[in-house]
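The following pair of complexes shares a single chain, subunit A, combined with subunit B in the former and subunit C in the latter.
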Partner chain A sequence: METRTITQGARPVRGKQRARPLWRKFFTPYLLVLPAVAVIFGLVIYPLMFSVFSSLHVDDLLYAGIHTYIGLKNYRQVLLDPSFQIAVRNTLVYFVLATIGVLIIGLTISSWLHSIDLKWRGLFLTIVILPWAVPGVVTGLLWSFIYNPTSGILDGVLRSMHLISQNIVWFCHTSMSLVLITVALLWQIVPLSSVILLAGLESIPPTLYEAATVDGCSAVRRFFGITVPLLRPSLAIVLVQTAVLSIGIFDQVYVLTGYDPSTKSAVIQTYLYAFQNLNFGQGISAALLITLGITVIGYLYLRLIYREVAY
Partner chain B sequence: MKSKSVIWGMGSLLLVGTISACGSASKTTPAATGYKAGAINRQYAGTTITVLLPPYGAMPQTQLAKFTKETGIKVNLETLAWADIHDKIVTAEAAHISPADVTEVDWSWVGQFSQAGWYTPLNNYIAPKYLANAINRNVFTINNKLIAMPYNFGFKETTINWTDFHKAGITKAPTTWAQVLQDAKILKAKGVVQYPVGFPLSIGESNSTNWYALIKSAGGTLFNSKWDPQFTSPSSPGYQALVFEKKLYQDGLMPPGVVSLHNAQVQSLFASGEIAIALTSGPLFMSSFKNPSTSKVASDHLQIIPLPGNDGQRTGTFGLPEGLGIPELSAHKGAAAEFINWWMEKPQLLLSYNDPNMGNPPPQLDVLNQLAKENKIQDGSEIMSILPTVKPLFSQGTPVWYPQFSTDAATMIQSVVEGHMSVKTGVTTLASEVKQMVQSAP
Partner chain C sequence: MRRGIRIVLGILIIFWSLAPIYWALVVSLATPLQVDIAKPFFFPHPITLRYFTLLLSWNATSRSFLRIGLNSIIEAAMTTLLTVIIATMAGYAFARLRFRGQTLFFYLIVGTISLPAYAVIVPLFQMMSQLNLVGTYSGVILVEISAALPLATWLMRSYIASLPTSIEEAARIDGANLVATLRQVILPLIGPGMASTTIVVFLMTWSQFIIPLTFAPASHAESLTVLITQFVTKDAVDYGLQAAAGILALIPAAILVVRYNRRLVSGLLTGAVTS
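== the complex of A and B ==
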């Protein structure tokens, strides 16, 4: 077996070089990362650990001074609470609808942006990205004006097109309400997804498509054979982002339908536990369960979809 | 605003425990602070107090400057939306930090705040003359402890637009629910307004409080002394009120959009002339209805009338006052008490009523009487005639589970009026939820 040794003489030494003390050499890297570690520990690790600790104890503001250890009772109560179960069901609907919407609309917009001339792309990209910059509450208010059954734009447009004769109360049906709220959510999250997917599309060398065309591949084949596999890193990021925003949906739901059980999300239920019922133990437990759900879904996305791509 | 507060709040859920260990409550009494109830002097000169109130509680800076000149106490006024103030108080108290030295205390928060022991009893901090004259003081009193001093008084009444009524040929104000239905049908049929009646039906406090108001106006009550629900029987005012609300909505007499509107938004519909009957309005709104810059009906003949009852049984309404409280954790209780006493003086109460951004009806009976006599209060005679019928919603004091009940009630009402649930199912479900709340209450 061939072995290689690197001798000290292999590296040219310029002038006099003072030897650094061993302890300094050893500790310097740790000292350099210490501020970042301290910040992460102080703002993430410790609060998270404390939250887990609190969730295992009585933490009800109406029972001041009582912090008895109760194990997983808070989690059990939250999971068995029909209100939380309904909220989780609603949240899953938002998540599924938002994922489908982002994939279809996001891919369509990014493909369109990718196809247009470079000199126009900047302009359209700016227009597309605008809704992303609008805060969630404003988005909710905007869509509440659109859906308003008395003076809303949507009813007005449909009436002017003679598609309806009387104004429709859009939030009167549960399934319709969930879809309408998802539309408001998509309006906010699709822009960034489109930009991420556009970046992915632009990184695919055009030569691959040219070669495939020469080989006689159809457009559909090129999409599923080249575009989709090479977009996997971008898709994974987009899907994780969609999962985080749709499972954590609050603003749009709160503004459009408030605490309505048929539409309230898991985060709204968490808010109610903590700020309406003043039961922080249950609130923290619900928040941690939601965090766990997002983490698991994010991990699965990265594990199953994300792949390093090299050209 | 809501978004920010929620994100802040959710973050606080994770961070709050971190801070909680650092705080310590300092309990003080008037004797400990050296404050003599009602005194306005320079005892606390140099102190800065923080005051946290909703926008309509924002006393103009020029007036606050007068307080500073008089007492030497500087006032740092923070304004937040009403619901956000609740969240801020909860988060701060959970972290053992005083949310401010003087804060808003709504009547509906009294049960929880009292149980949690977050507010200083003001019995010995407020001048006896102000205590004696305070309207709705009992709403803020639990176990003989006054946890806030009312800075306005609110009650549910009905405001009608006589100009619209006359256009439709109606000459008599409605006194019963049946008459409201009849008048609304005439107003609609004659094309005066498409949707004559306004009543918020979104899932929120304003929806449920209006239902309680109708119950009160029909001589009913929500609970008996043992907290047993009194709204499940079909002949009960609570049941009947739901039937009435459903009929108004289903017959197209209310704008369909009210299912997503809060009270202030419904009052805006009245101000814009889109409705002729603000069924459950409040005296707080009259000044904005009469203000041409905020109302299209300012020149119309508007009138406050008592809430219509059921079959002529019009017995009263309930008070929804807002108060000024001092958190137990405040480090400046004496100065804070001085501020509250100063607010109760006539010039401040008048300004708080007359300022177009505030519009708080004065909660001191002597000031209100004087205003009514001098004809300086909108519909003063009507208000003064309704006032004796204003009672607390809960004679035993607001229960700790009230906020949860309020949300559940609003949810049920919306489902009923939209036809997703029958009245019977709605009231039965709510009654069983109440039983659970009562059982699990501290």
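== the complex of A and C ==
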């Protein structure tokens, strides 16, 4: 294939293109990036700037197109709104639980994948990655069948093991609901973390472990002395992704408990502001606040954990 | 790791990954009697396909499951096609060409990778409704392209940058211009990178929920993920139907993962480095 194309390119007929004017050579790169820049500018950057502008202004009710500057009023209203505060508190719980969960389950899965024979790894990698590809709302649906109080398998299993005498309605308790929703989120986001951590583990030269073993280091010391420090870049990436995905949690909450105040996330609240209360100013301000929060956390992670590893 | 621990861990991990899907399959194949009787069960008995036939034959005033499933396929396929084309062009320019403003444009595009969709969804909704694009395929596809493009551009740039330049240089010396080089030399070489990007973008778009929920609710462009949540809230009792809908929605994704797992993993790993 490649050889054929090269000989085609070598045909003398192509020589005529050498006569092309210089401006074409100059403009080609811009033509190539133009569609991408147009899409991102038109559908991301412009709306973002418009967001910032309209969060600081209020539309005049009588005259369309006339905006009055209102400063940080929208932000203040959102921050003082009890329902936003509850949503933020819930979201922080999701974030903390998901971070702990991703670290424990992700590290377990990646170490396990790392330890098994290469021959089998492809198969098990496919099984591990599968939940990543399941749409978020379907993930919520799958777990709703597990948590279901009448026919759910969770109650079923606990009952057949005689751990409980009658079915528990899981979503009755706020703190339990937050945990259960986080589990459904973890099921979807752990696969990607495991793959990233696996790649990190594979980049650590096995000779380091051999040397440490010879020197008499225990498995625990090897883990904290070699694996954790050398895994830093991968860990940073995983933590940033977990922060983005757990602070932005929407699908699982929407399916499992809907707009229930005791479990709603900050993004659900944003959605309610904008599309139920039709208060676009507050919706935009809330969205920008969440985005700011994610950016700060991501920046801190990268500053504190991400370090180029040299060996 | 000791062999025993490894096997136990393996069973737990496979259980964790597959049990939720298995259980939904059981619920979708069980009879309503078995589901309602409130006695624990782990296998459907007897097996019934009534929910699947019900779903596939369901037809209520031009909103059928098949029709909406087709919407999702059209939207995901069009988004993927356009995104991959645009991302390949931009990726090549960023990886190989030098031009003024290159760094600025690159950060402009790739910098928005971890910008979540909801950050701009409200102003986008206002824009789209002014343009009368809410509830249309074009509206949904445009927004989905803007959500997938930063990652896709990064993937294509990384892949093209990893290729040796010697073949292109040879083609240039032989007199092929940029467009000819791109079409005849680069395209055949970047096939694997485009395949990875295609799979990642398709799966991401197939999973999209907040975008179709905002831009095409209850319209002729409604997507499968939105329809599924309506089963949950409106027909809350019919677990079998919900489960069957969920299973049907995850089948295309599962097929892609099983068939192209290597490409998917390499795409995901390249994508992960950006954050």
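Throughout what follows, the second predicted complex is superposed on the first by the 258 of 311 C-alpha atoms of A that agree within 3 Å, B and C clash if a C-alpha of one lies under 4 Å from a C-alpha of the other, contacts with A are read in each partner's own complex, and residues count from 1 in each chain.
By definition in this document, a residue touches a chain if its C-beta (ideal position, glycine included) is under 8 Å from a C-beta of that chain, and two chains touch if they have at least 3 such contacts.
Owing to the predicted nature of the structure, the values given are computational and were not obtained by experimental measurement.
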item: Partner chain(s) touched by A:277 [first = subunit B, second = subunit C, both, neither]; value: first
item: Subunit A residues touched - subunit C or subunit B, whichever exceeds; value: C
item: Subunit B versus subunit C as contact partner of A:135, first or second or both or neither; value: both
item: Which superposed partner A:260 touches (first subunit B, second subunit C, both, neither); value: first
item: Touching partner for A:172 - first (subunit B), second (subunit C), both, neither; value: first
item: On subunit A, the residue positions that both subunit B and subunit C contact, one per complex; value: 47-48, 50-51, 54, 135-137, 144, 148, 150-151, 167, 250-251, 254-255, 258, 267, 270-271, 274-275, 280, 283-284, 287
item: Complex interface listing, subunit B residues touching subunit A; value: 1-3, 6, 9-10, 13-18, 86-87, 90-91, 93-94, 112, 115-117, 195, 202-204, 255-257, 259-260, 274, 400, 403-404, 407, 410-411, 414, 418, 442
item: Touch list for subunit C against partner subunit A, complex; value: 1, 6, 9-10, 13-14, 16-18, 20-21, 23-24, 27, 35-36, 38-42, 86-87, 89-90, 92-94, 97-99, 102, 105, 108-109, 112, 114-116, 118-127, 142-143, 145-146, 149-150, 153, 167, 170-171, 174-181, 184-185, 188-189, 203, 206-210, 214, 225, 228-229, 232-233, 239, 242-243, 245-246, 249-250, 253-254, 256-258, 261-262, 264-265, 268-269, 272-273, 275
item: Residues on subunit A engaged by subunit C in the complex (per definition of touch); value: 1-2, 5-6, 8-10, 12, 14-15, 17-18, 20, 25-26, 28-30, 32-33, 35-37, 39-45, 47-48, 50-51, 54, 105, 108-109, 111-112, 115-116, 122, 124-146, 148, 150-151, 153, 155-157, 159-160, 167, 187, 191-192, 195-196, 199, 237, 240-241, 244, 248, 250-251, 254-255, 258, 267, 270-271, 274-275, 280, 283-284, 287-288, 290-291, 294, 298
item: Parts of subunit A lying in touch with subunit B, wherever the complex brings them together; value: 46-48, 50-51, 53-54, 59, 61-64, 135-137, 144, 147-152, 167, 169, 171-172, 250-251, 254-261, 267, 270-272, 274-278, 280, 283-284, 287
